[in-house]
Every structure is written in C-alpha cells, then in structure tokens.
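What follows is a set of structures for review.
Both complexes shown next keep subunit A, but they swap its partner, so subunit B is in the first and subunit C is in the second.
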Partner chain A sequence: MTDPIRDEWYPVALVSQLGPEGRDTRLLGEPVRVAWQDGAIIVTSGGHTLPSQQRYGHVWACPGTPARPLFDIPEADQPGRRLVDVGLVRVKCSPLRAVENFLDIAHFPFVHTDILGAEPHTEVGKYDVAIREEVDEVWATKVHFYQPQAAKSAAGGITTEYMYRVPAPTVSILYKTCPPRPGEWDVITLFVQPLDEELCEVWPWMALFDDDTPMTDLIHFQQTIFLQDRSILENQLPHRLPLDPGMEIPTRADLTSIAYRRWLKRRGYTYGAQLVAA
Partner chain B sequence: MPDWTPVALLRDLPPLVVMPVTVDGVDLALWRSASGRIAAWADRCPHRGMRLSHGFVRGEALSCIYHGWSYAQSGQCQRIPAHPDLEPPEAIRVPVHHATEAGGVIWVALDTVTTAPPALAGVQPLRSVTLDARFDPASAGLTESGGAWRGTLGGVAVAVLVQPLPDNRCALHVLAESKASPTDLVAASRGIETLRRQAEGVSA
Partner chain C sequence: MILYDYALSPDCYKIRLLAALTGAKLTLRAVDFHPGGEHRSPAFLAINPGGTIPVMQDGTLTLTDSAAILTFVAAKSGPAWLGDDSPEMRARVAQWLAFAQRLSASIGKARTHDMLQKPADIVACRKAGVQCLREIEAALVERHLTGDAFLAGNRPTLADIACFPHSMLAPDGGISVDPYPAIRLWTRSVRALPGFIEMPGIHRLHDLKPEPVGVPE
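And now, the complex of A and B:
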C-alpha cells in the first residue's frame, strides 16, 4: 500500500558538508543516518537502506517506496549560475507551516522590513494560482511586489516579479526577477526536512546569476531572512497547519496558501497538518 | 475562582507596548494604546494564528507582526495592509477580555465580571517577579487582607498579589507601603528576591 507521506523524497544532508563522520538525523520521527560507504553516500534507518540520491547540493532520501522521481529544476544545470548551499536552519514548527510561509509575500514589509519589503508598499496585487494537474504541482505566477533590496545584488528599490512552485509537499521553489540578468529568473528553493510533525530543518538552496557577491554574503543574506521567518514560525497557533477552513481566515493575498492547503488535503498529505477533530 | 487576576504593574506597560500574559491557562496579549487604554485579547491573530503579543501598537490599534493586520479597541480588524482598499469583513475579530487598572495594578477577567478589583490603599507599586515554583503565602508569613497578602519583606510593609501560571509557576506583583523611602524600597526588593529563592529552593 502506498503512503503519501513516506513515499516522498526528503533532504537529509548537504553533500558538500557531509564529513567522514556522517550525519545522524531524523526523518518523520525516525532516526536516520547519512554516511559515506566506499566513496558513495548511503542513508539508513532502522537497519534498512533507504532509496537515496544526490541532487541540488543535497542528499535526498525516501523512507518508503518513491512514488515518483525527484522533481526537476532545469535551471540547476544552466551554465553561468552559481549554486549556493546555504546550510540549515532548525525551526520548531510544522514543516508545512515553513513551506506556507515561504509562499507568502504579504509579510515582507513587516517581517523582512527594509529588505524584502517596506511600508507603505504593502499592497499585494492580483496574481494567478493554479494546481497544474498534468504535473500535480501548485504554481503561483505574475506575483509582483515592491522591494527595497530584493537581492544581495540589487541596489535600491525595485518591483520584483515572482513565480512560486510547490513540486512536493515539503518543497517550494521561487523564481524571481534577476537584477543583473533581465529575462532570466533567479532560483531560490526551500527544501524542508520534517524531523517530526512540529519540528523541521529548513535547507535553503539557490541557483543565481550573480558573479560578484562573495559566497559568504549570499549565504548571510538568506540566513538573515530565514532567521526573521523563524521568529514567526515558532509562534503560530496551532503549531500544525490547519487544512480545513474555519480555524484561520485568509484574504485575497493568500490564494497560494489556500491552493497549497487544498492540494495537501487532496493528496492525503497530513504530516504536520491539523484536521478538524473527528 | 476570583473574577479578576492581577497580571502586571501599570508602570511595566507604558503606552504603545504589548506583552504576553497568562490568565487561567489562557494566553493573552496585554497592550496599551497611545492614549493609555488597556486591553487584554486572545493572543492569536485570526489570519494565520500568529501571537499578537509579538505585534506592535500604533495609536489606538494593535497590529500583528506577521502581516500587519490591525485591530481596533473592539477587537475588530480595521486594516489589511495587503489590500489597503478592502474593508475587512466583520468575521475577522479577536476575542476581547476585560482589563482594567486599579491602584497601579493591571487586572484581567476572562469572563463576566461581577465585582471591581480590590482597591489597595496605602501602598505603591514596587515590582513583579516570576517564580519557577508554587507560592504558599502563609509559609512566607503573609496573611490575607482586603484582596491581597500582607506582611513585611526586608522590614517593609508590603501587599503581595499572586498570579497563578501554568506548569506550577506563578507571578507575584508586590506593592510597598506608601511612606517607604527609596532605601526601604531597595530592602523590600531584596526581600522579594530572597522569597523567590526560598520558593524555588535555590540557596541564597
């Protein structure tokens, strides 16, 4: 029998930072070990070797039987991009809350003040959201927002265009206007490792057109943003993401979040979610 | 269960400040508007569940730190910054509880109030302290009188208000006799510290 939660791919380590000692971590509440063996990386749990692969800088593992291949990010192989392993931020929140926050732009002026947003530029215009049935992914497009400093490479305020993509329940990919390379999109991802239903490790990863900014500054920029998000994520009640309407009241700006919740429910992905008490 | 629970000294909540407090196990956002009005609300924004005690006060409204949704004194949402031209639906409302000030102390009642909070005469606010332990006023030599525990700390007459907190913790809000000198207040404050250490079982 297939289990929509166990049959997903999850990030469990950064390839570039996996030392000879390996990494002991957790996935869906169970202990997992990531280790080198004869020059290869293997992932084990409870005496079993899990399906695993290396992609987008990370080691990915599946606790069950993979329901489909790991999602594709074609831009990852595009020449000229810098691939940035940001590292991890541990957040005491539901993995689904972490993804939903990543899909949200309306909080920029208040949480990422003077970086990704600033009052009085708070308005979220109309944008398009769809569950793309042919690929079974959530997409938000034509998202525009005024940003004081959209990226490390941006000088001064610009209106940034975004696209958001949710290819797996605990993964979100953001495509965003690329200041030095009009016509291309910078790619910023959020790979979330669910340790348990109310604790996760967030692995941001980027594929950018930016030849100038030192790697340290790129990493610090993203870490600043995610630490600001953490102060929100650890203080939302209930801790688990409510999938049924009633507990939280959305507005027009939340169309992506509404589609994400609906898509999770439809797929039966309830790990880290709160359903109405039976 | 008394109607009113002491939650803070008024001086610790200046205008334009919001803080978290707990009454009967319920988390609240206690805040004071620019004009000095005090309010105690459910500590949760109806939008995405963020704690309102992390928010900010502007004028007579409390705003959530997550998306800046602001709420009027009635608890009704009055502005959604993502949609400045939208009049927020009436359903977007934060549950409001009773809050008032008496004798330099802020009191909160979750439900219907049938009495006024105790009027404490002849005392001035000193300080609040949180104990990581239960507190037994009688064993500290205090006796109940007029809605407060009375006795001496550091040789100074005091009135102590006890606010029970979850996990066997509590807060004490301490007032000292009005005629106490600055030196007396320092002594009383040290007395509070000693009392806290004794209650927590920490050696002095």
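And now, the complex of A and C:
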C-alpha cells in the first residue's frame, strides 16, 4: 500500500557536517538516527534501516517505500557552480508553511527590505503558474521583481527574473537571474525536514555561479535572508497550512501558493496541513 | 578595525551597530560559525583561544570580549557613547556591559539552541533569560520615573547597545517580550536612532522611515 507522506524523500543531515558521533533527529514525529557505518552513511528508525542516499550535499531518507526517485536538479552537476551548504535552521512552523513562504514574492520589500525588495517597488507583476502533469511538479515562471541586492554577487539594484519549482511536497527550488552570468540561472533551494506537523528543520542549499564571493559570505547572505523569514513563519496563523478554501482571500500574487495547496491536496499530502476551512 | 563577524550573532551585531551609529569604519571578516564551526578551528583559536566571536583586531591589539570591543570603538569614534556625563552614568554603563554577559549566556544560548540546534539546558536558559528581561524592565521603568528613556540616563550609551540586541531577539529562543512594555518602548527608541542598522529578527521602524524615493530601473 502506498503512503503519500511516508513514501517521500526527506533531508535528514548535511553530509559535510555529519561527524563521527552521528546525528539523532526526527522525521514525521519518529526518532531517526543518521550515522556512519563502515565508511557509509546509514539512516535508522525504530530498529529498521531506511532507504537513504546522498545528493545535493544532504543525506536523504524515506521512511516508507520510495514512490519515485529523488527529484533531479540537473544544474547541480554543471561545471563551474559553487555548491553552498547553508546549514540547518529550526523553525517552529508547519513544514508546508516553510515551503509556501519560500514561494511568495510579495513579502520581499517588507521582510527583506533593501535586499530582495524595497518600497515603493511592491507590485508583483503577472506571472504563469502550472502544475506540470508529465512530471507532477508545481512551476511558476516569468516572475519579475525589482531587487536592491538580489544576490551577494549583485552590485546594485536589478530586475530579477525568477522561476519557482516544487518537485516534492517539502522541497522548493528557485531559479533566479544570475548577475555574473547572464543566460544561466542561480539555483537556490529549500529542503525541509518535517520533525512534526508544526516543527521543521530547514536546509537551504545553493548552486551558484559566483567565483568571487568567499564561501562564508555566501552562507551568511542566505542565512540572513532565511532568518528574516523565521520570526514571521513562527507567528503565522493558522499554524497548519489550510488546503481548503476558507476565510483566506488570495490575491493574484498568491497564484503559486494556490497551486501548491491544490497540488498537495490532490496528492493526499496532509502532514502539516489543515483540512477544515480556516 | 577588523571585526571577525557572524551575520546572525547578536554580540557581533552590537559592534556593527555601534560602528554604524558612530561612523566607525569596520573591515568585516565573516566567520563560518554555522554550519562550519570555524570558531573552533585551529586558525581561529590562534586568534582567540576562547573560541568566541566577536573578535576585533586593530594594529597589534586583539580584543575578544564584546564589552571591551564596544568600549574601544566608542573611545575611538564616539566617546559620548561611553557615558561619562557623571560618575553615576559611567558606573551604570559598566554595570550594563557586565549584565549583557548574562543576556548572552541565557537568551543568547536559548536562541542558538532553538534556531541552530546548539547544545543548551534550554529550560534553565529560558528561566535565566526571563529573569534578565524582568530586571531590564524594572530598571527602565525606574529610569522613566526620573524622565530618562535609556538604560544609563537621558541619552543612549553603550549600555543600550550592549543590552538591546538580545532583549529584542528573545522570541527567537522561545522567550516572549510581550509582558515588558518598557522594553518594547526602549527598543523603539534605539531603533529610531539616526544611522541605525538592522539584523535578522531586529527590523527597522518602517513607520519612521522617510517616504521611499524612486529607485532607478
């Protein structure tokens, strides 16, 4: 029997930071241990070894039977990219709220002031959203936004183009204009590990074209952005993501969020979700 | 002045904030505190055997204590921040600089525990943090009764810079600041200072910002 929640892949550790002591953590409310054994990393839970793999800097585990291979990020293998392990941030929020916030652009001028947005440039222009049936992923494209400092490598304000992709319920990938290399996309991801329905650990990770910025500055830039979101996320109500239309009135700028919620409901992914109208 | 810095550290932020308020020029060296643990690397321990940030280097001088660094930056770039108006004010500044260590050890530890999963006795940290906030609240109320808006007197000093960041970031470690109206008013006063800069979790006062002007396309 398939289980739409347990059969997904989840990040459980950063390979580069997994010490000899291993890591005791949680996944979907259950204790999980990530440890080295004979030079390999294994993930165990309740006396069982879980299917696991190492990809995109992280250890991924599946508490059930993997329904599909781990999603592909072809850019991760492109030569010349710097791969940035940003490190975990724990957030007291639904894992789905963390993903949804990452998909939102409208908050940039107010939460990431003078970095990812600035007043009066608050308008989110028209963009396209689709659930791509052939790959079963949510995609938002042609997103344009004015940004004072779009990336560590951006010298001044630019209008940035974005694409958003949700390849798995607790993963979001963002492709954005790459200031030093026009024509390519910088890849910025949010891998979310659901500890409980209202508690998660977020593992941002990046694959960038930027030969100049020191690695630590890249890490600090992304941590700064994400930590600006953290206090907002911890105060969102209702705590669980409502999948049914209710009292919330979405605007045009929320199209990606609406598609994401619809897609979750269709897949039966309800961990961290609320099914009665808000 | 070289500051070994971490973007998310309140103790590093207070140095950056004072530099911004006094116009001091800092050269920032980002330390990969998380996830890299660079502060425990041999290279960093050679600079600061205590393995803590912030660290400041200026010529042959190396400072590893945030109160000492604040004092140095103020003495060099903004002596008024030392709070030498009266013996009482000077003593209060010294006392709050010492008190700030209690904030780092309680609220600061609760915060890195809750956010970054650093080890801590979280219950003890939160309890000690609440006690610290209650002491600041009481002191601020006492100051207000004599007409002063800041911790050491009627104008901002190092006392405020040292204690403000942790007080505002307490919710990051699961400690609410809702019960402390004097603290909230005081943090607004600090955020309203000309030249104020922010850090994640400490926002500028949008309502005090000048009307935004057009940004070139």
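Keep this in mind: the second predicted complex is superposed on the first by the 275 of 278 C-alpha atoms of A that agree within 3 Å, B and C clash if a C-alpha of one lies under 4 Å from a C-alpha of the other, contacts with A are read in each partner's own complex, and residues count from 1 in each chain.
Quick note on the criterion: a contact is a pair of C-beta atoms (placed from the backbone, for glycine too) under 8 Å apart; a residue touches a chain by one contact, two chains touch by 3 or more.
Model, not experiment: these values are computed from the prediction.
For the composite obtained by overlaying on subunit A, subunit B and subunit C can both be accommodated side by side without a clash. Counting the residues of subunit A touched by each of subunit B and subunit C gives the higher count for C. In the superposed model, A:248 makes contact with subunit B only, not with subunit C.
Of the two partner chains, both subunit B and subunit C are touched by A:110.
In the superposition on chain A, A:119 makes contact with both subunit B and subunit C. In the superposition on chain A, A:231 makes contact with both subunit B and subunit C.
Geometry note, superposition on chain A: angle between subunit B and subunit C about the Cα centre of subunit A is 50 degrees, to the nearest 10. Looking at the shared chain after the overlay, A:14 reaches subunit C, while subunit B stays out of its contact range.
Residue contacts after overlaying the shared chain place A:215 against subunit C, while subunit B stays out of touching range. Once both structures are overlaid on their shared chain A, subunit B and subunit C have a minimum Cα-Cα separation of 5 Å. Residues 110, 119, 231 of subunit A lie at the contact with subunit B in one complex and at the contact with subunit C in the other. If you check the complex, the residues on subunit C that touch subunit A are 6-8, 30-32, 34-36, 38, 114-117, 171-172, 174, 198-201, 203-204, 206, 212, 214-217.
Chain contact summary for the complex, subunit A toward subunit B: residues 104, 106-107, 109-111, 119, 122-124, 231-232, 235-238, 242, 247-253.
Residues of subunit A that touch subunit C in their complex: 14, 16-17, 85-90, 92, 110, 113, 118-121, 146, 148, 157, 159, 201, 214-217, 219-221, 223-224, 227-228, 230-231, 234. Put simply, subunit B touches subunit A in their complex at residues 27, 43-44, 46-51, 54, 64-68, 80-84, 86, 89, 91-92.
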